[in-house]
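Scrolling down, you'll hit the structures one after another.
Across the two complexes that follow, chain A remains constant while its partner is chain B and subsequently chain C.
Our next item is the complex of A and B:
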């Protein structure tokens, strides 16, 4: 699935989040095609979901895909839980 | 890139987010990682974008765009003597400020991997919060192979 991670600058926390998502995805056999973008470049992007820190995604409005806010970017368990929840809700019948 | 002892400060007396970011930024300047204007850009980013830089409970990672005055990739570690509120609803107050200097072409991914490996380890974070030995702090970050 295609995931965009975002933060204020597009190279710091968004990259860290993307790396975590990809490694968790690999663990579960989910291929995550991802991109890290700064918050102002996110609109109009083609993707399945957007992940970012809970504070930064508050400012996103009018996005058609699921937007997932992560409270603690260093908490693998939180990221894993939210990723799996997203996968379950967008791809019923698949794992 | 290695973390030098010079880039570590344990016990900074700043009481506001702006001062804490500036103090952390000074460590970057001291080590030739960024220009003074990069530090101001970090403060402005915090003012514009809010406390999202407090990524995890007690840990803030201010940074700015590379073209705002980055010289070399790297980071520094500043521990605040007293916790400071940055305004994050869940992760306040902040004790550790880790300013980052990255590069546009994502070659600093290695740096981020090392940082996250340390910061995701509760024992390492505990050491960061309690030790007075800067050499121990640098060892934590530098001893990681790959």
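Our next item is the complex of A and C:
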């Protein structure tokens, strides 16, 4: 699946979050393709979901794909739980 | 052939591309990943330089106006723009200091108790450039500069996170991650002082009451738009350009506007600066998106269990309200520093990126040590000191030698490194 991660600049926190998602994904056999972007650039991007800190994604409106806010970006368990929940809800019956 | 090689190696985008290529091959990536990664790194680097060109051009106009209006130099503190703008001269040194500095970082993390791996790519890049510039001004260049520079870069990568770690533990409540951000010393210092002052017994009672945290405050969501850098920076730059234009003589205004209405010139020039920053950041995004994961993968193999030193916003989630308060107070402090610096050698203009990211962090650290009042004082202190330090340190490096006007270094840790290098240089008479 394709995931866009976002933060204020688009190369610090969001890149870390993307790498985290990819390594969690690899653990569960989910291939995550993605890109880290700044918050101003996420509109109109073609992807399956957008991840970012709860603070930053709450300013996003009118996004067609699921937007997932992470409360504590350092908490791997939270990221893992939210990723798996997303996978379950978006791909029923697959895998 | 030799001419081709020399020419190739003096094109910084190709050096950095070559580094990515070697890294990707060493990590045994697929052919498509190697091609994609190498090309994206080169393109990202070229975009970065294009952005820097636009910024430098816009600031040339601004500096002409500012000097005419106030008879002083005015600078914006922004590291990445400087780093990108010097690449045509110091690209070779910068790229190799970046890579060898990282390898020394990994080595230090492996053999010393300072188990930190610095992974904030844009800071590694700007620090490498800052060190290369400082050495160049001290008359050191080429491989000697790369050798000395890489050692300094490697040391900075573990020493600054180590200094910040006690404060990071206080904020996060654990010891798993570190702060990899070259504004760290000013952030924890402001946070700590803000906390001390915020805790002072106010009024009659000396009884220690529980701290009022920033996180109990309701902050209206209408302020959320300020969290978008481009919006905020546009507003600040338009104000800065407009105020300067108001004091500029009509002759100079006619000259720089080329006959267009002044208001239009102010708007386009101010926004062109912002556009330059946005392009620059797009370039940073593109080349770091390839380099950082490679660095991370490599370091995890060599030093398992090391603490990753990460960019500052990962700490914002510990007190989101404090980030807003800290940033707004930093903006006030920074504006005051702009006024005060007028009495020194250079006027340091409100530098939004630094105020935004470091101010927010000072709010978080201040809140951890001294609640609401801690956050308020810490944010203000950070904003004021950040720009005031730039004004004080300005004579240390003359960027005019590289055709850069209107910009100076921002990161407090990097400025500290520059000052130390200059001091050591004095001992050796350079």
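Quick note on the criterion: the second predicted complex is superposed on the first by the 94 of 95 C-alpha atoms of A that agree within 3 Å, B and C clash if a C-alpha of one lies under 4 Å from a C-alpha of the other, contacts with A are read in each partner's own complex, and residues count from 1 in each chain.
In the analysis below, a contact is a pair of C-beta atoms (placed from the backbone, for glycine too) under 8 Å apart; a residue touches a chain by one contact, two chains touch by 3 or more.
In this text, all values refer to a predicted model and were calculated from it rather than measured experimentally.
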{"item": "First (chain B), second (chain C), both or neither touched by A:20", "value": "first"}
{"item": "Which of chain B and chain C A:56 touches, first, second, both or neither", "value": "both"}
{"item": "Touching partner for A:37 - first (chain B), second (chain C), both, neither", "value": "second"}
{"item": "Contacts of A:12 with chain B and chain C, given as first, second, both or neither", "value": "both"}
{"item": "Partner chain(s) touched by A:68 [first = chain B, second = chain C, both, neither]", "value": "neither"}
{"item": "Common ground on chain A, meaning residues reached by chain C in one complex and by chain B in the other", "value": "7-9, 11-13, 15-16, 19, 36, 39, 53-56, 71-74"}
{"item": "Contact footprint of chain A on chain B as seen in their complex", "value": "45, 48-57, 59, 61, 63-66, 88-91, 100, 102-104, 106, 108-109, 112-113, 115-116, 119-120"}
{"item": "Residue numbers on chain A that touch chain B, as the complex places them", "value": "7-9, 11-13, 15-16, 19-20, 36, 39, 52-56, 71-76"}
{"item": "Sites on chain C touched by chain A in the complex", "value": "119-122, 172, 176-177, 221, 224-225, 227-230, 281, 284-285, 288-289, 292-293, 296, 308, 310-314, 316-318, 320, 323, 356-357"}
{"item": "Footprint of chain C on chain A - complex, ascending", "value": "7-13, 15-16, 19, 35-40, 53-56, 58-59, 70-74"}
